[in-house]
Amino acid sequence: MHAMKRLELIIERMAMKRAGRILESAGVKGYTVVPALAGFGQGTYWQRDRDMSASQDMVVMIAISREAVMQAALDELQKLLGAHIGVLSVSDVNVLRPDRF
Amino acid sequence: MLDLALATLLSPVVLFFVLGLIAALLRSSMSIPEAFAKGLAIYLMMAIGLKGGIAMSESPVTLAMIGVFAIAIALSFSLPAIAYGALRVTSKLSRTDAAATAAHYGSISIVTFVAATQLLASANIESSGYMVAVAAVMEAPAIITALFLASRGKQKSEPVAGSESGELFREVLLNASVVVLVGALIIGALIGTDGAAQISPFFVDPFQGVLCLFLLDMGLSAGRGLRHGWRQLDGAALGFGIYMPLISASLAAVASILLGLDTGDMTLLMVLSASASYIAVPAAMRLALPEAKPSVYLTLSLGITFPFNIAVGIPLYLTVAQWLQGGA
Amino acid sequence: MLDLALATLLSPVVLFFVLGLIAALLRSSMSIPEAFAKGLAIYLMMAIGLKGGIAMSESPVTLAMIGVFAIAIALSFSLPAIAYGALRVTSKLSRTDAAATAAHYGSISIVTFVAATQLLASANIESSGYMVAVAAVMEAPAIITALFLASRGKQKSEPVAGSESGELFREVLLNASVVVLVGALIIGALIGTDGAAQISPFFVDPFQGVLCLFLLDMGLSAGRGLRHGWRQLDGAALGFGIYMPLISASLAAVASILLGLDTGDMTLLMVLSASASYIAVPAAMRLALPEAKPSVYLTLSLGITFPFNIAVGIPLYLTVAQWLQGGA
Amino acid sequence: MLDLALATLLSPVVLFFVLGLIAALLRSSMSIPEAFAKGLAIYLMMAIGLKGGIAMSESPVTLAMIGVFAIAIALSFSLPAIAYGALRVTSKLSRTDAAATAAHYGSISIVTFVAATQLLASANIESSGYMVAVAAVMEAPAIITALFLASRGKQKSEPVAGSESGELFREVLLNASVVVLVGALIIGALIGTDGAAQISPFFVDPFQGVLCLFLLDMGLSAGRGLRHGWRQLDGAALGFGIYMPLISASLAAVASILLGLDTGDMTLLMVLSASASYIAVPAAMRLALPEAKPSVYLTLSLGITFPFNIAVGIPLYLTVAQWLQGGA
Amino acid sequence: MHAMKRLELIIERMAMKRAGRILESAGVKGYTVVPALAGFGQGTYWQRDRDMSASQDMVVMIAISREAVMQAALDELQKLLGAHIGVLSVSDVNVLRPDRF
Amino acid sequence: MHAMKRLELIIERMAMKRAGRILESAGVKGYTVVPALAGFGQGTYWQRDRDMSASQDMVVMIAISREAVMQAALDELQKLLGAHIGVLSVSDVNVLRPDRF
């Protein structure tokens, strides 16, 4: 198998497209967004079904990519996170078909 | 006034709101799924838009109407400035939080508007169909004022990373409530009373009942907002949630007299001005002022001002309008 | 009896249940989204509560009514003890599984209740509005008995890690079905027949149709539960799903005679006793007895007892009630 | 014809479709939650099925009816072959993409069918209840032809890893639309006109209105499909989305004359043949031909053929049918 | 980037709040909950849209935290998992802004 | 804690059952499926609420298992991915109760 980086970005739903554009323009070949249901941070809780404004909804964006590409994306993402709420983490994974990434 | 207040408080719609509020304050685990509530919201906006459009198809566009639109837009532009000033002087909110909150108070709450039309209908007071269109045009201008207020004095800042030109514009002018409200209004005007017959068993008859279900959910949201959010606000900010609608309604009353509106439309313009957005503006603020804290503006608009308007404000504004018109 | 059974089986509500059941047994991939079904469930409970409340607003509270409530609570407390005994003696279920299952049979299924009111209405038999309130009070007591049974003989156990005092209490007394049912009941009583006019196009006229849609989903759930769950149950446990409702209904019949209930209310009390919960109690059991296996209690309550009551139980209980009243 | 076209274009249902289309093309962020839209889709299919079934309960099964079913099945089997040939000769689509697309055009769109029945009703033209059953039998055969076309010339391929015998069969014959449509049809036939009274406030009266809401969502989906998908298609493929329904409708017209169908049923058979599936067949294709690109077949069926049929096709087919019948 | 631990707890929806309280009182500064749609374990399957009782619904809780804090949380979580159904795993990740955790 | 492998398979919703069967028959003792909301890949975007055909819906399947079992599953999964759209990655995690896997 082949070593890649897995980015996991927990971010506000409204900022999802911004993060997507950053990933895309950095050369990441794909990402998948998963909805969050609830969360806790800095003393506040939120829950999707309990706030009709949906203004605190978060999503989890997962992108698997080569290390070099990921590095390029991280710099821009860091700027995005200066403005938006969000938690970003990167980990090591192995994939089967390296040419897809 | 007391009669009106009682009629309001004992209407099923308000009672279901109170039920939701109590359940949330007692920490019930009940909730209405977001997807279902969002579907109901779209239904409500379609129904309101169609109703307004059908009414408009029957009455010609007059010069007076244009005046109302102009004043409404002016109110939506200027109310945030007052709100911002009040918050900055009295509360400890940051510039960004104050501006974001101000945007909510310049914009409108369509459910508050509907609740007011229901009260008018039950009191047999006429109001114009085009007030739905007035509501629609008051959605967005406040956001522009708020963005201006938030950026004042700052150096011209770079756009947020990843943002695209036009995305805020689209969010503000093409969000679900604007699209559905304006779209249904136009469709209503096109199909007129004849076309309405087929669809009224869905969009007219069950409307009140759907509103009950929706307000149950609003009560749950408001109660939860209050329970989690009030700690983040000082007394001055909480007070703002009550006195700001009164200021807005007063300005709208003055404007209505200048425009020569009758009791029904005057009440509705007061209600629109006094109401605060809790869906469209919060979404726009997450894009435009992401640093502003949602818990601040939502607690105020959904937790304090919405219940206040529903229970006290609407009957009060109607009473004032009747009194100003020399009525009863 | 045969007439009744046929009328029941050929009602659209039951036919849609059967459709769902067959689709699930044939492994169709169709499903009704959870968010939509949950929304319908809230609608149904609002409608039932309002109907009961409006009916209650027209009839005074009598001493007899208080007797019915007392007996209903007593039944909900005591039926789980019988259920538990039966399961422990005849089946191989563990103490915890038996107790959790018993809680379901002491509590009630509101859809079964509604199906019974429909049959009564179609047979022109009167029943009292306050029976909805009786249903509401029978939701919770069974859970207390079950927890007592599960803990008997054990040393006083520590609470589960992370649990909070009051969380079970809130789940049991403030879950969605209790909040909406009791809340709508009170609102119905407050608004009375006059207030009901506005909202009946939503809460009364389409009720039967919504019920069809909901029962389609129940059929799908029941069929899937059966298909996956029956392997986990031995014959004795499966039999319990049929004979336990008969025992409960018999006890309720005796109680009804003591209380002097008429045919309609007697049938409803039998139905409530015979029915088993499949939404509120399972949720409470996940909190209170997390070691109990959901597949056991759900297969029994949703997969066996619910269809049995809908297809056979309700007409049977009504026939017995008529016979006991000397009617035909 | 012009009158009909105008009546179609100004019906609320079509106007809401156009609203959704425009909103999507302007890149509005609005959306209708999937769970809600799926719930509405199930409602619509129940309502259509019940209506057809109730109508069938009143008219005996005739030999002529059997002929219609036979021809309809034959059309569903054979249209994909024509579609496949046309695509392979004119466009650059791969064999698999062409076959998958062909399956969509042999199958049907139930919403297009409903829109046509509405137009017939508003023009006071009779049509038969059993045409709903005809729609149901036309769902699946096309898929078989498409699979045959896709596999032609290939060596017998191994099944996809993890696939189970019967899974495709179940998806094709027991998907939600077949189960609900056929199930509701049978239930409608069982309960007949008497049983229908109870449920018509839910399944009949609000139907048009629900359809408006659903078509708003279809407009959004179609607009988005168009915006993202058209780049993947060359002119020949795009043209196919327009001329293929015309070919299919022509063949159906010929068949209708042979069968001696009257104007209403002829129109409906043309509409069914001309319409293309966008829910059931795409799902089946993901299982059966996973290599085919969804953006190809969806852009064509939902983005091009559906709007074409709604706005132009239906009134055109009706006009042709009237002309062929020597009517006006 | 800075090394942190990522906790992933697959647990019944009804036990979500209990797990949240444990994380919070152990000092974890935030977590996000993602809904599950379906699952398989010990020979049984569940699917959200197919069981109206929702009694087998699971959620996935994600928390990113410092190793020491995580260790404290794990002991209590283990007790919770004694009673409830659940799968817990911990992995290494890197984050950008360490002071948030 | 005990070392395990975490499989994350981003795959079309319609292929979920096929992947599940492969995992199960390879001996994986459990998996959990999380819905995706939106995604991007090979120049195309999809979003759940915006495509009523649902034909591009993806899900994320998570399975935690012993390395040997995972290896057996990977070979079959690779065949599945030859036909279906999907992204597969494997990473190292630690678990508390190794006998469950």
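Note that the chains take the letters A, B, C, D, E and F in the order they are written out, and that residue 1 is the start of every chain.
Just so we're on the same page, a residue touches a chain if its C-beta (ideal position, glycine included) is under 8 Å from a C-beta of that chain, and two chains touch if they have at least 3 such contacts.
Just so it is clear, the model here is predicted, and its values are computed rather than measured.
**Q** Between chain C and chain D, which partner chains are common?
**A** B
**Q** Using the stated contact rule, I'd like to know whether C-E or A-F comes out ahead in C-beta pair count.
**A** The comparison resolves to C-E.
**Q** Going by the average position of its CA atoms, which chain sits the greatest distance from chain F?
**A** The chain lying farthest from chain F is B.
**Q** Would you identify the chain whose Cα-based centre sits farthest away from the centre of chain A?
**A** Relative to chain A, the chain with the farthest C-alpha centre is C.
**Q** Between chain E and chain F, what is the gap in Å from one C-alpha centre to the other?
**A** 18
**Q** With chain centres taken as the means of their Cα atoms, state the distance from chain B to chain D in Å.
**A** That gives a centre separation of 41 Å.
**Q** Could you tell me the distance, in whole angstrom, between the mean C-alpha positions of chain D and chain E?
**A** Distance between chain centres, rounded to whole Å: 45 Å.
**Q** Which residue numbers or ranges of chain E touch two or more of the other chains?
**A** 20, 34-35, 77, 91-92
**Q** In chain D, what residues contact two or more other chains?
**A** 31-37, 39, 205-206
**Q** Report the complete set of touching chain pairs.
**A** Every pair of chains in contact is listed here: A-B, A-E, A-F, B-C, B-D, C-D, C-E, D-F, E-F.
**Q** Residue numbers of chain F touching chain D in their complex, please.
**A** 12, 14-15, 17-22, 44-45, 47-56, 76-77, 79-80, 82-85
**Q** Where on chain B does chain A make contact in their complex?
**A** Those in contact with chain A are residues 24, 31-34, 37, 41, 160-164, 167, 217-218, 220-221, 224-225, 228, 278-279, 282-283, 285-287, 290-291, 294-295, 298, 302.
**Q** How about chain B: which of its residues touch chain D in the complex?
**A** Counting only chain B, the residues touching chain D are 33-36, 38-39, 42-43, 46, 50, 170-171, 174-176, 179-180, 183-184, 187, 190-191, 195, 198-203, 205-206.
**Q** Which residues of chain E touch chain F once you look at their complex with the stated criterion?
**A** Where chain E meets chain F, its residues are 8, 10, 34-42, 58, 60, 74, 77-78, 81, 87-92.
**Q** Provide the residue numbers of chain E that touch chain A in the complex, in ascending order.
**A** The contact residues of chain E facing chain A are 1, 4, 6, 16, 20, 23-24, 29-35, 59, 62, 64, 91-97, 100.
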